[in-house]
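I've put the structures underneath this note.
Across the two complexes that follow, subunit A remains constant while its partner is subunit B and subsequently subunit C.
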Partner chain A sequence: MKPRIIPGKELNGFIKGLMERAELYAPKERDTSPFPANPASDENPPALDAAEHSAGTPPVNGNREVSQFFRDTTEFRHITDPAQVNLDHLNTKLPLKELFLPRREVMFTFDTDTPERVEPVEAVAAERIVLGARPCDAAALEMFDRVFLDEATPDPYYRARREKTTIIGLACNEPGPACFCTAVGGSPHGSAALDLLLVDSGDRYLARPMTAKGEALVAHLPEATAPDIEKAAGLEQEARAAMKFTSDTAALQEKLKAGFDHKAWDEIALPCVNCGVCTYVCPTCHCFDVTDEESHGRGARIRTWDSCQFSLFTRHASGHNPRPTGRDRLRNRMMHKFRYFPAVHGTVLCVGCGRCIVECPSGIDLRETLTTLQEELE
Partner chain B sequence: MTNIFQPISAEIIKTIDETPNIRTFVLRPEQEVPFLAGQFIELTMPGFGEAPFTPSSSHFNRDLIEMTIMKVGRATGALFNFKVGDKVGIRGPYGARYPLEKFEGRDIYIVGGGVGLAPLRALFLALTHEIDKYGRVFLRYGARTPADIVYKYLIPEWEKLKKVDIDLSVDVSDEKWMKKVGVVTCLMDEIPCNEAESIAVVCGPPIMMKFVTMKLLEAGFQGQNIYLSMETNMSCGLGQCGHCKLGPYFTCKDGPVLTWDQVKGIPDPFV
Partner chain C sequence: MPRPTAVEQQLRARARELLEKREVAGVLGFRAGTLPGTCVPFLATEPGDADRLVLNRDCAANLAAWLPRLRHRGRIAVVARGPDSRSIVNLVKENQVERDRLHIIGVADPDDTQPVRNPVVFDEFLGERAPDSPPDDYADIREFEALPPAERWQALLDELSRCIRCYACRQVCPNCYCPTCFVDASRPAWVGRTPDPSDNVLFHMVRAIHMAGRCVECGACAKACPIGIPLMIINRKVSLIVRDRFGSVPGTDPDAPLPLTAFDSEDREEFIR
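And then the complex of A and B:
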């Protein structure tokens, strides 16, 4: 498939074209402050008079510092106006996974008088296009596929969303301070699970299709030239070089086999408060809970994200809990990602997006944890 | 395609109070649930959610499914308010069955504790249904008190079956109790089968499973022949939701029955 060029820095025309084809989802600024900086939309009604308070929020463009990542408040949302798309950020606050495994979804509903007659809920109605997925978040979907698209028992909700979604990635030229995709087998210009990858090369975008679906979106555009492709390769090398952290995950997998009871776990887990934020912001954490809700004669079965960091996650009805302490639960999370998942699926369950590092209230840095385990385990 | 999360309806056609807090529910599912001994189903208490249970009836008779359930948590608390005629939901079966073909020609030594006899009953009925295929079937069962014994009305019938040998113990006896007093391992001092060749099957509370397994290994049973019910907090049944993670396994998918050889690498698998 031939790489193409989107000339100029202006993506508006391209975005409009996408919006004509399907429902478009892209990073969109989220108004978390009580003083909305954005014009009100249907999804962001103004809590206060927007005009009066809009001066309060600083612009988020400019040099990328550590604080930049903290200020990133974009989320993948339905785009109704090309101006809503914000690609000038490191990454979204929550990973792309929420478009495929929503934070909360209704699986089916029923009347409480006749609970045996359940009414199925369609996971996704229209074709969707995602614009601006970072390669790490997209790579996480390949890991999700191993969990949710098991041949014998594929998850119907997840499968419908995957099948109806075309994903356009945006390569990273300037990795953030917490990024470490190269240490876990990824690349800032990686193409896993993508249909099309855009590379910002200054005065134009290189558009590299991976699938027929992706190719159809750019077939009308001019072909890229050799210098375009060369320049993109250079940008990838620069981005790779910017990430210094390395980890021998294969060696670590071996060490973890014998290191279950090592004292290093105490040290690592000491600051952890088991808040679970690392699991919620993780693009590869797939755990969920299934519950029933009932109100005024109507019931619904709900699936929500869940976290292995909570004691209720494993507690039996009898009160017996296989992982009663925070240390047990942190260790289980690390074991799952770096020992058990690779043993079953051949890849670590981490894409190096760095969100857990940025969001951890106790300052636990996964890179330090991996280094400690490498050094202390035998 | 069919939605794997969508339960089918089942009517409660009978309930049997086994003990003060254990009840057997006899269900008629609207279509056959093709379970095999060892597999479990997710039972929906509409409006209250789901919980995993292993059928305690024979897989040779699937018109009705029986499940013997202890009232212990939120979902089972709700279930005990359901009456005959009420509808519940079933999805499944999930997990791995007992590999009965590996049991053929061998003695089978079954050890149960408390409500742990419920899933073992499905196995016991499957074995005795085709008893000529197997060696002798030993059942060792311990309960807290005589009142806490499940299937009290069935055990005398089972004792009459050919090639079946049953012994019981209670932790605390009453004046009528004529059998052993003590935890279930007190029934295991003499094991009347060829330990190196025989199959052992264990289900009960984690602490009981731990000590029974130690006793079996001491007696000479092979790790690959010791089948343990390693139920954890199973929820989705598909190895997706993460709750039941036990070392490298999802017990809902790889288990819930795992052999000692499978779990012995997990530090203290019964914790």
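And then the complex of A and C:
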């Protein structure tokens, strides 16, 4: 497939073309104005649609200086005007996963008085285009595919959304201080799970199609020249070189097998408060809970995000909890990402986006944790 | 690594001494984080750990929240700024930590936005006292209260709608030590698992009520929130009510009973006299 060029830095025409084809989702500033001067409006009804219900933030968390790298107010949202698209960001506050695994999914509704009245919710999804996915966020979808598109038990809701979505990536030329995709098998110009990758090359975008769906979006554009492709390769090398952290994840997987009860976990877990931040901002964490909600005779079985850091996560009906302490739960998260998932699927469950590092209220750095484990475990 | 400040030098020297003499099992403080502007709660357990201790205005956590979890470790020294010490006062009153199992190293809070920067209780004090802040006029709350009710409600709804229910606010709070939080109860389930506006509002409002007479306004919850919800507008409103109705500023008087658990025969409310 031939790489193309979007001349100039003006993407408006391109974006308009995308909007004519399908629903467009892209990083967008938060809608509501800052607290408290916030006039009452109907713009934000309490809708439960997942994509419309995600969140952005003003830069007020503990990591003041870092927030410049993470444009806190952006999130993937439905675009109704090309001017809403904001590609001037590194990573959105919340990852792309919400568009595929919403925080709340109704699977069926029921009538509590007449149990036979169960109405399944059909898995239907609109044709969508995502613009501006970072290669790390997109790579996480390949990991989701292994779980939710498993041949024996594919998830119909996930599959419908995945099949109906065309993903246009945006390569990273300037990784942030928490980025480490190269240490976990990714690349700042990586193409995993993408249909098309855009590379900002100064005065133009290089558009590199990976699939027929991606190619169809750029077929009308001029072909890229050899210098265009060379320049992009140089940008990728520079971006890769900017990320210094490395970790031998294969060796770590072996060490973790023997290191379940190592005392290193105590020290690693001390600052952890077992909130769900790292799991909810993680593009690869995908654990969910299933509960029933009912009111006035009508009920719904819903699937919501869950977090292995919560004490409820593995608590049995008997009250017994195989992971009773915070240390056990933090260890489980690391084990899932760097031991169990690789053992089953052949790849670590981490794409190195760095959100957990930036957002951790205790300032825990996953890279530091990996280094400690490499050093202390045998 | 920036050069240690005078108080950091004193802190490191004292921590080393306490650990060398085995007077404590650990010194709870902060170490530098890997990203600019971050500090990590840290328990120094060997004399050699002492030089990792830091103290600056980026140290966002309230260290008192770690004390109930560290009870099994034995006697602990804790670095306490104004807010940490106020929370310790509360935790002692609520029988969550034993005062005589703590060695409190008092320091002035480097964060000059804190209403109470100097520690309320301590066994030793390092560095210089911070100048006393002027009495809190709660200007932010008064301003918010002046908005029409519909606008206030909409503003709160807009903010709380964004909550992803990661419970970071709860987990970093020294007041939140319940073995089972009401949101985690399943029989009955008081709050739905969906992060929708009604359940989010329910969570935050019930939490706010549980903070009454106990919140020391350290701001750890607001700093921990990944979404940036301005939780202090809620907590400070509750604190203002407690100050007005009970004349109580939580955690500032080790000898005063907790306002909501005390009985006063002179109470102005007839029903309780």
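Heads up, the rule we're going with is that the second predicted complex is superposed on the first by the 336 of 378 C-alpha atoms of A that agree within 3 Å, B and C clash if a C-alpha of one lies under 4 Å from a C-alpha of the other, contacts with A are read in each partner's own complex, and residues count from 1 in each chain.
Here is the rule we use: contacts are C-beta pairs under 8 Å (C-beta built on N, C-alpha and C of every residue); 3 or more make two chains touch, one makes a residue touch a chain.
All figures in this text were calculated on a predicted structure; none of them were measured in a lab.
Colleague: Which partner does A:187 contact after superposing on A: first (subunit B), second (subunit C), both, neither?
Modeller: neither
Colleague: So, does A:286 touch the first partner subunit B, the second partner subunit C, both, or neither?
Modeller: A:286 contacts subunit B only, not subunit C.
Colleague: Given the touch rule stated above, what does A:201 touch, subunit B (first), subunit C (second), both, or neither?
Modeller: After superposing on A, A:201 lies clear of both subunit B and subunit C.
Colleague: Counting only touches as set out at the top, which of subunit B and subunit C does A:86 meet: first, second, both, neither?
Modeller: In the superposed model, A:86 contacts neither subunit B nor subunit C.
Colleague: Would you sort A:367 into first (subunit B), second (subunit C), both or neither based on which partner it touches?
Modeller: In the superposition, A:367 touches subunit C alone.
Colleague: Once the structures are superposed on A, label A:277 by its partner contacts, choosing first (subunit B), second (subunit C), both or neither.
Modeller: second
Colleague: Residues of subunit A touched by subunit B versus by subunit C: which partner has the larger set?
Modeller: Counted on subunit A, the partner with more touching residues turns out to be C.
Colleague: After superposition on the shared chain, which partner residues are touched by A:118: those of subunit B (first), subunit C (second), both, or neither?
Modeller: first
Colleague: Applying the document's definition of touch, where does A:304 land relative to subunit B and subunit C: first, second, both, or neither?
Modeller: A:304 sits against subunit C, while subunit B stays out of touch.
Colleague: Kindly list the residues of subunit A that each of subunit B and subunit C touches, one partner per complex.
Modeller: Subunit A residues touching both partners: 289, 291.
Colleague: Mind listing the subunit C positions that touch subunit A in their complex?
Modeller: 33-43, 58, 60-61, 65-66, 69, 143-144, 147, 150-152, 154-155, 157-159, 161-168, 170-172, 184, 186, 189, 192-198, 220, 222-230, 233
Colleague: If you look only at subunit A, which of its residues touch subunit B in the complex?
Modeller: Residues in contact with subunit B: 107-108, 110, 112, 115-118, 120, 147-148, 150, 153-157, 260-261, 286-292, 294, 299, 301, 306, 308, 313-318, 320, 322, 332, 336, 339-340, 343-344.
Colleague: Going by the contact rule at the top, pick out the subunit A residues touching subunit C in the complex.
Modeller: That would be residues 32, 35-36, 38-41, 44, 46, 48, 53, 55-66, 72, 93-94, 103-104, 177-178, 270-271, 273-277, 279-281, 289, 291, 293, 302, 304-305, 307, 310-312, 326, 357-359, 361-365, 367-368 of subunit A.
Colleague: Can you check the complex and tell me which residues of subunit B touch subunit A?
Modeller: The contact residues of subunit B facing subunit A are 1, 3-7, 9, 30, 44-51, 72-76, 87, 89, 205-206, 232-233, 235-236, 238-243, 245-248, 267, 271.
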